[in-house]
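A, B, C and D are the chain letters, set down in written order, and residue numbers restart from 1 in every chain.
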Amino acid sequence: MRTRKLPPVGWIGAGRMGFEMAARLAKGGADVLVWNRTREKAAPLQKHGAKVADQLTDLASREIVFCMVSTWKDVKEVVQKLLASNEKPKLLIECSSISLEGSAELRQLLDAKKIQYLAAPVSGNAKVIKAGKLSFVCSGPKKAYERARPLLNLIGINSSYVGEGELSRIVKICHNVFLGVVTQSLAEITVLAQKAGVPRHAFLDFLNQSVMGSTFSRYKTPAFVNLDFKVTFTPHLLRKDMDLGLDAGRRFEVPMPLAAATRDLIQSMIGQGWTEQDFATLLLQQAEASGLKLKPENVEVGDGLS
Amino acid sequence: MRTRKLPPVGWIGAGRMGFEMAARLAKGGADVLVWNRTREKAAPLQKHGAKVADQLTDLASREIVFCMVSTWKDVKEVVQKLLASNEKPKLLIECSSISLEGSAELRQLLDAKKIQYLAAPVSGNAKVIKAGKLSFVCSGPKKAYERARPLLNLIGINSSYVGEGELSRIVKICHNVFLGVVTQSLAEITVLAQKAGVPRHAFLDFLNQSVMGSTFSRYKTPAFVNLDFKVTFTPHLLRKDMDLGLDAGRRFEVPMPLAAATRDLIQSMIGQGWTEQDFATLLLQQAEASGLKLKPENVEVGDGLS
Amino acid sequence: MRTRKLPPVGWIGAGRMGFEMAARLAKGGADVLVWNRTREKAAPLQKHGAKVADQLTDLASREIVFCMVSTWKDVKEVVQKLLASNEKPKLLIECSSISLEGSAELRQLLDAKKIQYLAAPVSGNAKVIKAGKLSFVCSGPKKAYERARPLLNLIGINSSYVGEGELSRIVKICHNVFLGVVTQSLAEITVLAQKAGVPRHAFLDFLNQSVMGSTFSRYKTPAFVNLDFKVTFTPHLLRKDMDLGLDAGRRFEVPMPLAAATRDLIQSMIGQGWTEQDFATLLLQQAEASGLKLKPENVEVGDGLS
Amino acid sequence: MRTRKLPPVGWIGAGRMGFEMAARLAKGGADVLVWNRTREKAAPLQKHGAKVADQLTDLASREIVFCMVSTWKDVKEVVQKLLASNEKPKLLIECSSISLEGSAELRQLLDAKKIQYLAAPVSGNAKVIKAGKLSFVCSGPKKAYERARPLLNLIGINSSYVGEGELSRIVKICHNVFLGVVTQSLAEITVLAQKAGVPRHAFLDFLNQSVMGSTFSRYKTPAFVNLDFKVTFTPHLLRKDMDLGLDAGRRFEVPMPLAAATRDLIQSMIGQGWTEQDFATLLLQQAEASGLKLKPENVEVGDGLS
């Protein structure tokens, strides 16, 4: 029933996050045609009801096309190919983490073709999507947002509309600046609690259930407790986002002392060679600065997602 | 049925938080005898089934006595009066925010009388309690914790046991340090988002629903959006807790750059005369430092509690 | 005698600093031809033996031309006019505070005309020059430096050669970053000493004579003691230099926590409206953050220059 | 001639600094009787005309007694022994780096015996004294300062009187806080300049001759250039002084963001194991955080003292 009302969707990008997003959309009943550079990665989406396109241009006839790739360079490349087709979608929803400048350039490209454009970056990682807790922050024409909303609701738990143009991009940057500051502060207090005698898992168990706990603090807990730093977001990427935040702070004349201090701690971490693991190795740097050698606690702790 | 198993409880302190905690306990079916310096403040608890004591010593015969007052000076005074009685409780559960030193002195007092002692500070304010979202962090003998648990579960949503002695006190300090840092970071990014063009309510709506959202960020949202800074926690109290955290950082040789920077921003706020309102006026200071005069947005926003 | 060996010099710019530099050169016996946009400002240099040019192109036949104007825009404009002449100098010495990028562009312009170029920014202000305490930091071909040296020695007390290309520009930026940090730190400790009971003049008298005293701390003392904030360098200019330093820190992956913290305090000062006076109003901001209203001490204190 | 007017002096402490101070006093013509726990260390002072005492109490008959030992514990011990004698000096001048509290306790001890007391900590190290560049900051009765002045002038280059009581102690703390901040800032900009291509010796040569140069920056230059970190002041001692400064900042409600950030960087250095060398190893920590492995430049650079 519901699917009758849902417009046909094209989906570009079946990476770690794009895959899970498309899966939720398909499972929710939408008619989804997926394209991915490496076709095989998209294939398993078929078991959720999605179709897989051979060519990117096959998606041009879809009413709404989502884009979830890596960098602005990738976004530009795939959108230009899409626009080279005879047909064109009515609405493009771009969810990758790209800069304001990239987003504005994309808007020009699409405006020229009279395609509506919704900038819709997200909060969460692949596991968060799977757990149905992804949230979107959207900007662009309000009508585009209204059109997208039923689809966004199938993918995640919530979407917020923050205004015209590329405003959602700056909100996403603010979100990531906050994430950096929160992680460093968690590192400071977790190491302090541990040196005082409180095991990390006990400390974080309380914090996660306290008013300060967040989905984020919960899903970072296994890393902090058992020192599993498999990368979800690299120190270089976090530094880049902190710098985007500080750049915005300069432009809008907003001093950001905590963001700036955190940025330099991330730089120190990179300078000391912690570059290949997750940014949560901020905990390791904090421990070293405190004369402490951390060991995994080997305690089974939940991530609040599964 | 359940009440049969619950031990008779004495409750000291019917201030803003103590009142709500005792109310939940009574409503949950416990037999609660409350004493408060100003008797009238406790009286309304009777409609939830609690009794109100005329004298503090009336509570001495109760198996378990909770204490929720203001300062260590108050705690000491009421406990000494309680101990002056012929009878004595088996377990005292102290929930006020007192220092490690005070907590240790209290333990000595109670040990001398062979009364078990659970240090059990909390995360949340009066509204949080009412919404059933309070959490406890407990330290002391594990048995004392086991004994207290069913009662703690009636009052709040969760309790964590972190170890012997006064460890829960340091955890509470860490929690409050984090709260200070998070608030300052929220002030930085909220002002940045606003200067970029995103209304505060739209920005915080997204953030609250994102993976970074917490019960705390949600219940501070009305203050940030509508600039209602009725005090929940004063700048002086937050500065005191930041200093306790930094003191612990010194003792345990843990550098805390974000805590230290936040502490000085709170000091600056106090120096500039923001002392009588809620500590969330950090937002106002941040706005001034950004050349921005804030106005209430007069948007109805929820606090996630009611 | 000495003047025989000195090459004929052209001097562009008779602003506050340029005037004093040209004056010292002329008094030292050099044959100096000065051009300034507003001719009258240069006229008084004639009493020191300098000549004043009617047209900028009159300077093109001089063997060495100095440039001391305001911004890169000004530098570019005057140099392009100079190069439009039929004749050309052998060496151009650029002393303004311009960016690395501007300096590199200038080098290209001059290289194309086979004119040697020495980047030679300075440390000091007009009073410092008059007191004979200016110092130069130079980069470019070593030979250009050797050629310039006798002239630089007439103007200031010292010149340092730091290498090829635009290296002196980054050194100047580092110098100004240090100046910002030192000023903020002086503000912190001066206010602390005062609140403890030590008058500012007594405190700074000691500090200036201690191993920590510098020409800078001495010449800022009258401002700190008597609150005379007549502008020598605006908050906006200092913020710009801090940002150039932080940009360099990003490019070379050098975390600069003190520079970043100082930068944000300068931003806060600007945000609060301290924009038209000297950057030393950092002292006023520090006092306000400390709940202190400063008053001039009205004590005669030297600046170490006159 | 001059010696006729100088009062007989007792000198307690012939450590690295005390030795050089007593030597200058004796060479200047004063009649100095020195006592040191290990007599042999004081013996070489005889060649400058000083006498060496066998017992501490031998100094009690001297009109003025200086004290230059290590800690407040040492000060208390030697002063109590001195006061146990039948005779007593008229004035005691205490130059060690002790706390406000120690200094106040000492004043009570001496007041009770009607002995004048001048608190007179110093700025400089042994080499600075030898070079005649030591400076004193004095507090206590103005008359005591006037009495002491001719002797202080023989020892150092300058003395400042800052007021009654223990004010000089807080000034010394401010001085050391500044020293910490300046060193960290020097580390930041030196590493930045180096990564940009400027050798450390060239960079510091300019800085030392610029308006920002100080006796301190000059005598730390050999350490920064050639990485000789023989201890002059340990990281632990500097951290202690930073903490004294931050404590004073709390008491007087003065936020000290740069001091606090520097303090934590010193803590990080200690946590990472740099504890036995000079605090100037802040440079090494800064280099590591910048991904740079420093090597001695092996360039002969002066320290501005010899």
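In this section, a residue touches a chain if its C-beta (ideal position, glycine included) is under 8 Å from a C-beta of that chain, and two chains touch if they have at least 3 such contacts.
All of these numbers come straight from a predicted model, not from anything done at the bench.
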Path length in the contact graph (chain A to chain C, fewest steps): 1
Shared chain contacts [chain B and chain D, defined touch]: A, C
Between chain A and chain B, centroid-to-centroid distance (C-alpha), Å: 33
Whole-Å gap between the CA centroids of chain A and chain D: 54
Chain C, residues touching no fewer than two other chains: 249, 253-257, 261, 265, 267-268, 270-271, 289-291
Touch-based graph of the chains, sorted into line, ring, star, complete or other: complete
Parts of chain A lying in touch with chain C, wherever the complex brings them together: 243, 250, 253-257, 260-261, 263-265, 267-268, 270-271
Partner chain B, residues of chain A touching it in the complex: 123-124, 128, 133, 135, 137, 157-158, 160-165, 167, 170-171, 174-175, 177-179, 181-182, 184-186, 188-193, 195-199, 202-203, 205-207, 209-217, 219, 245, 248-249, 252-259, 261-262, 265, 286, 289-291
Interface residues, chain C side, partner chain B - complex: 257, 261, 267-268, 270-273, 288-292
